[in-house]
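Chain lettering (A, B, C, D, E and F) follows the sequence in which the chains are written, and residue indices restart at 1 in each chain.
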Amino acid sequence: MKKVVAFGELLLRLDTRDHERFVQAEEFVARYTGAEANVAVSLAHFGVEAFAVSKVPSHEVGQACVNTLRRYGVNTDSVVRGGPRLGILYVETGASQRPSKVLYDRSHSSFCEVRTDEFDWDALLAGKDWFHFSGTAPAQGESVRRVLAEGLRAAKRLGLTVSLDCNYRSTLWGAEEATRVLTGLMDDVDVFIGSADDAELLFGIAGEPAESAALVRQRFGLRHVAYTLREGGSASFHRLAGLLCDAEGCCTSREYAIQIVDRIGAGDAFTAGLIYGLLCGWGPPRTIDFATAASCLKHSIPGDFNLVSVEEVERLLSGEEAGRVQR
Amino acid sequence: MKKVVAFGELLLRLDTRDHERFVQAEEFVARYTGAEANVAVSLAHFGVEAFAVSKVPSHEVGQACVNTLRRYGVNTDSVVRGGPRLGILYVETGASQRPSKVLYDRSHSSFCEVRTDEFDWDALLAGKDWFHFSGTAPAQGESVRRVLAEGLRAAKRLGLTVSLDCNYRSTLWGAEEATRVLTGLMDDVDVFIGSADDAELLFGIAGEPAESAALVRQRFGLRHVAYTLREGGSASFHRLAGLLCDAEGCCTSREYAIQIVDRIGAGDAFTAGLIYGLLCGWGPPRTIDFATAASCLKHSIPGDFNLVSVEEVERLLSGEEAGRVQR
Amino acid sequence: MKKVVAFGELLLRLDTRDHERFVQAEEFVARYTGAEANVAVSLAHFGVEAFAVSKVPSHEVGQACVNTLRRYGVNTDSVVRGGPRLGILYVETGASQRPSKVLYDRSHSSFCEVRTDEFDWDALLAGKDWFHFSGTAPAQGESVRRVLAEGLRAAKRLGLTVSLDCNYRSTLWGAEEATRVLTGLMDDVDVFIGSADDAELLFGIAGEPAESAALVRQRFGLRHVAYTLREGGSASFHRLAGLLCDAEGCCTSREYAIQIVDRIGAGDAFTAGLIYGLLCGWGPPRTIDFATAASCLKHSIPGDFNLVSVEEVERLLSGEEAGRVQR
Amino acid sequence: MKKVVAFGELLLRLDTRDHERFVQAEEFVARYTGAEANVAVSLAHFGVEAFAVSKVPSHEVGQACVNTLRRYGVNTDSVVRGGPRLGILYVETGASQRPSKVLYDRSHSSFCEVRTDEFDWDALLAGKDWFHFSGTAPAQGESVRRVLAEGLRAAKRLGLTVSLDCNYRSTLWGAEEATRVLTGLMDDVDVFIGSADDAELLFGIAGEPAESAALVRQRFGLRHVAYTLREGGSASFHRLAGLLCDAEGCCTSREYAIQIVDRIGAGDAFTAGLIYGLLCGWGPPRTIDFATAASCLKHSIPGDFNLVSVEEVERLLSGEEAGRVQR
Amino acid sequence: MKKVVAFGELLLRLDTRDHERFVQAEEFVARYTGAEANVAVSLAHFGVEAFAVSKVPSHEVGQACVNTLRRYGVNTDSVVRGGPRLGILYVETGASQRPSKVLYDRSHSSFCEVRTDEFDWDALLAGKDWFHFSGTAPAQGESVRRVLAEGLRAAKRLGLTVSLDCNYRSTLWGAEEATRVLTGLMDDVDVFIGSADDAELLFGIAGEPAESAALVRQRFGLRHVAYTLREGGSASFHRLAGLLCDAEGCCTSREYAIQIVDRIGAGDAFTAGLIYGLLCGWGPPRTIDFATAASCLKHSIPGDFNLVSVEEVERLLSGEEAGRVQR
Amino acid sequence: MKKVVAFGELLLRLDTRDHERFVQAEEFVARYTGAEANVAVSLAHFGVEAFAVSKVPSHEVGQACVNTLRRYGVNTDSVVRGGPRLGILYVETGASQRPSKVLYDRSHSSFCEVRTDEFDWDALLAGKDWFHFSGTAPAQGESVRRVLAEGLRAAKRLGLTVSLDCNYRSTLWGAEEATRVLTGLMDDVDVFIGSADDAELLFGIAGEPAESAALVRQRFGLRHVAYTLREGGSASFHRLAGLLCDAEGCCTSREYAIQIVDRIGAGDAFTAGLIYGLLCGWGPPRTIDFATAASCLKHSIPGDFNLVSVEEVERLLSGEEAGRVQR
């Protein structure tokens, strides 16, 4: 069984119900999430041994967060306890012409206060195959960046593949700062997941997706660059495809027309599918098809986690009709 | 800040959940509503000072109704307390080929028993800019009509603009009675909101929407006539546009293809958008585009209230993609 | 009023909410169902006197099942009490590319243990017009088959029309066993409801639907054979039509494009519509149009029961727009 | 099986959840109830054949009400359909020092508009053993009184026992009117259920319960008079006993100390227990013990219906410990 | 109508349901609260004009908080918008031997960042009668203390009565800091609400409640000192009384034995009752009886707000039985 | 960290809500449980490393069961997958005089079909300290008994302490069979948890609890015998104490008066406390006090799991008042 370590913030996600607006909510669905944790959960459902490395407060809400990851099969032995608070994500699911809305309440979280002495990276990464993080982690400040830098160094030292999901959020940090920090990390990255928009905004690389991805790959000497290609003027309906470039060129997945239940986490599901395909040693076409189909399925599941098996992704790839009830 | 007074019945809306039929319901979502109150709430969210004038029973369910309007920013100081009961609206939200269904239980309500001595219209309307009511108010009987007549006279005396949303409901009154009563009120009306169907049924004015609206405007010497243009064989999906005619002619808005969450109140959202545009002094094209976009967004929100800001309507008008999560 | 007897298993259906996966469920919606009971409930809503014949455990969950049928107007006087357990159906409603999933926990149920001395078929069927069962009943084993055989013999003796909904489920029995058992029952069947897939798998009859249905009719000397024609790669959206063949030939219904709320039970709704049309003595075109429209409406209702009236089905047939709210 | 007919209004009961006040409620639990219907449901659970005679509107909410009675085993074949609306009962369950609160919205209901030609009492009561009604029925006005008078006459003619639960509600009618109307009906009544307070207020009969009940019995020539004896300064905790007087004297039941889940309907549960005991021919001690134990159990069940079996009541009477889980 | 200004933090309160522990929660009930806001809401329900002065973030969750106060009749015109976040209170309601648990996530909130230029105290307090705050406000740091100090000075200048509810929370600040800060504010305070424990911990004043309260009054030259006297080893059941001391001496209220629904906010309900009595010019006995009865009723209501009227408090004082349903 | 292995059936527990009866339930709360799993979860919360050994079906509901144990910190690596179904427990929580009710649907479960080749006991128990099972495991038939016998033999061989919670359920097996089977296992048992009733029924040992426990200990040569002493005629209120006998004699814990939220699982919580105390090497007085306090706290938590920490149990033992909110 392959082993993947995911480093990033863990958060409480508070959702209004049934497309309610925030001002209507009399209750919130309580979920625990995190860009990297979502990847870990999805990988665990693919049969990969997934490890979350993070920090949560030592009170019961922090414990509830850890419990959620355990429930879905992620190893949480290396989640540090301490610090003041768990970051929060308020989510309002849009519909049709009304976009979904996310309010971040992530500042001053326990994760922001990680310390390098809390993570023995050599021990954490020994015997592991892959190290994953997303741009939202270093966006959380200097302390995180220091811990991350040590982690990346250890990962390289120990021969792990490193993936970075760009995940740029302008409400977390400015483009200039993101460019500077992410560029500094790119040396240690093997696989980059992003979009043409991010590439233009952060790296000044314009162009059609395939062109953009190829240029990003070249610029940073990356092994793989993957983009999701999303088209959708509506919060209820999207078209989704994926793109994967390596030294040999770029290939595009089948496109899916999707009725959306919950779109959040679909990018992380894509990343998990990608990591899985690459871990399996599949070529780009199969890998990008798998990653995109996995991401497609995520849109049908409430919450951030892509709770689907490899078999279910492959059934979609095989063209089996979703309209037929499975009994 | 502009000031708008809305006069009409306040009701308890009891919804089944999740597309359940009435006979399946073991609980009802409790909402408080009213055609004119919906307009007031929407205007309050646009930054207008909105006043509800109505009558509810003096018990706690009446108070809960008032509280709901207060919650969403409507001034309720002129809601009279007394009378026997709060009218009720049972709602079952359809889907696909099954239409939504509304059962009225509005007879003998406190609002039906308004008395002219309960409303000091000169005080209520002093300093206000606009007076709005819908056809469902005079449909509730003679007492309401007497109070309304006094209100309209005061509105004209004080120079307010008066709008009437036709809102014809055959289950509340017959076409003949509606024609007689509404025609009698038209002299005091400046802005009429309706549909080609209503124009034909009530005023005998046939024709394509633009033609019909122009004729209605002419017949009653109105400043503006606005129609919603709705096309939709399904309870889950509609096409919506708007039409606005003034002395210069008619203009039509952009059309929206809408996945429906809750269609009820969309007409009131349109009216609120229209009033807002006219209060802002916008020309017909911008006004009808704003009103239609506002109404479009309403379809994505559960309940009757269009809880969106001017900024959100304008974001839709600007063509921003709703498929992109706002974070 | 016509009288229809439906014989089959009654089950508890446990649904996750809001498209949640089984592993996410913290609660289940509790519904009571059964292929034949669904037909009975739908017929009761069409004004037919419907009788459920079955067996449930004598404890309170068994009683709750009986109560549900009573609630929706089915006569349950002939539901026998006893045996070990009520069969269970776990249901997860899919969306878009993720198919709905049903887990059966039906073995060793009270229904599996029916005994011939528990059913006095002559008394049960006296004065009745129609006897209906589905393939899931004999799939439950020898005891059921013995009871069913006696029921069929009595039905024939007493002149009832007999309908069989094929309803083949590979998780209940193998194709070989199903073929053997169902073929043995066909002599007593007048009306067969199925699909081209089932016809090929069980009877080795291939071909386009109309061809297949005609051949099945001929092979087994049936009065009517009806198929649903379903097209849909998505769990959220389907196209549905119906096909009915008799000695004169085959006719096809109008096709519906359906946004799905709950697809389970739509086949039973079709069967109920078919039985109703034939009981009314309608010709095939009207019958198949009615059955298909009934089935179409079922997709908009949560749960297995098609809680619609004849008038509602006919309103759909008349082309009335579902987008218009009924008030 | 004994047969009991219960005549009275059917209502929709809307409950706030979890001790919420009306102004907090965002949803209402929807239950269907009625003083006499509650008695009928309880009797049905004791194995008596119970018939509800009433009138509900012919729309789906009226049907939902009928369905609820059917679900719990009451025969509803004689519930007339028509009239404007279903009466409503808003309920807020108190706790500790805060009393529960009920708001009536019962005026102008379909039941208020019953007509004598809608009830063929001779047919309705033929072969029945008992006729029950409560004071809230004639409180609903002249039309109800006319229908009731005919029913009582037929009951006497056909030899049924007649019971009246006083159930005086000052919000429905004044004491003077209640006294006049109820006194006029007493001639046809055999069994009267009330309280010392009501006896004093309506009949001017003061005294300790036993004394009061005996005097009421004597004054109106009744066969039995029963009182519930309730003591409780708290909405969460009560002491309850029962008293039954016949020509031989009065006897009192065991007293129960009760933690309250839902106190509403406990009086109807008492009445049902009483009717059951008398139908069984039990003597007063056993009857009043049974009735009081039945009422005691009702306090533990949410909603108005006493969904307990004879066996469960007798288990309480036998002194079995409620603290022991039954498995 | 008297006017009361309440200054303090507004928070989101997230409750688990049905006595669930934090680690079990899959959803949180969302309420908005604040020690001083609770007092304001209760006063508004007593007919007092209550004004909340605070600061919340300018996003929708901040707006939802403001809406909640508006809903319950509090004037929110002076709630400033801005700053990073709304403080949060996670609440787990205990039962029996398990105490309720509150987790604070209040640091770095918008309220902590109030600035003196955001509050024009002379305008805010002009024409008002009373200024209230609790110890949790200055516990939130220097910025709050500066704003508060200006408010207190203005209040004294304008002749308002000032009340301080000690509300010491060791998780917000240490005893030493609390002592220093609160002592510094005492000069401007007229009415102090606290407990013997707080008096000992913060002011080194030991003794029985009456003795302690009298000494606190004397030490700080206060007009009134009030304590709640609570006795209760259980999270489900308490005994509660109140104590009020002025220059004439001390008096104690009636004691209540309470079954608890939600204990949080009961202290604020007591304070509101106290302020109301003193505003009405009642003497200490009537005032403390009213305050304690108000607090008693709060225990029966879910959430922090004491949604009861003066009439309801007086009904409890009059000895009316809570066991009797009010209809 | 000590290591405990718990062997027994895992089940789905379906609860009605809010004291509803089974026939009222429209939804069930879905929990996963098992007498031994409950012990394991409680021990995990005490910091013990707890391992569940069992068998569940290989479908998603089986996985959900495993996930629940993982969530609460139990090691589930040795839960075998396979077999037909997950056993079910329907639960209706009583109140006051109405006892809670449990319906078992456990026959033919996957656990009943465990095979000896599925459990490598030597590997499973190596390095572990304690082996626990309850009487409900061997009650499930011969296959289980065979597996259990091998487990016990291995446990003894490897020097683990073995505990048996008698947990006699007459609906699972007859007293005679239970006596025979349990007696046969007693040789390998060190610690027995039961009650005087069970001792009399199964072993013919009568007498007061202390006497009975001492005799049981002697008869079977046990190290410890523990009883819970429960007194309670009500489903809402109990008195609970504990008794522990060893070679030195018997000691009794403090008694608790408990308001009940959920009584099910309280026996398992007692067992977990007992095992914890003995693992810690505490003497009988401290052990029985801890076990009883742990069990007491369980009554306040919905569901079977005693989600409390050692610190929380000790806070209760220390006499800290539960009425005080912890903030």
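The working rule: contacts are C-beta pairs under 8 Å (C-beta built on N, C-alpha and C of every residue); 3 or more make two chains touch, one makes a residue touch a chain.
Treat the numbers as computed from the prediction; the structure is a model and nothing was measured.
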Count of contact steps on the shortest path from chain A to chain E: 1
Chain A and chain D share contacts with B, C, E, F
Repeat of A-E among B-C, A-F or B-D, where over half of the residue-numbered contact pairs coincide, is which pair? B-D
Separation of the C-alpha centres, chain A versus chain C, in whole Å, is 44
Taking the mean of the CA coordinates per chain, how far is chain C from chain D in Å? 41
Shared-contact residues (touching 2 or more other chains) in chain E: 21, 23, 26, 67, 72, 101, 103
Inter-chain touches occur between A-B, A-C, A-E, A-F, B-C, B-D, B-E, C-D, C-F, D-E, D-F, E-F
Under the stated contact criterion, what part of chain A meets chain B in this complex? 18-21, 23-24, 94-104, 169, 171, 230-238, 263-264
Show me the residue ranges of chain D that touch chain F in the complex, using the header's touch definition. 72, 256, 258-261, 293, 296-297, 299-303, 307-308, 312, 316, 320-327
Would you pull the chain C residues touching chain D in the complex into a rising list? 67-68, 70-73
Where on chain D does chain B make contact in their complex? 14, 21-23, 25-30, 59-61, 63-64, 67, 84-86, 88, 90, 92, 101, 103, 105, 107-108
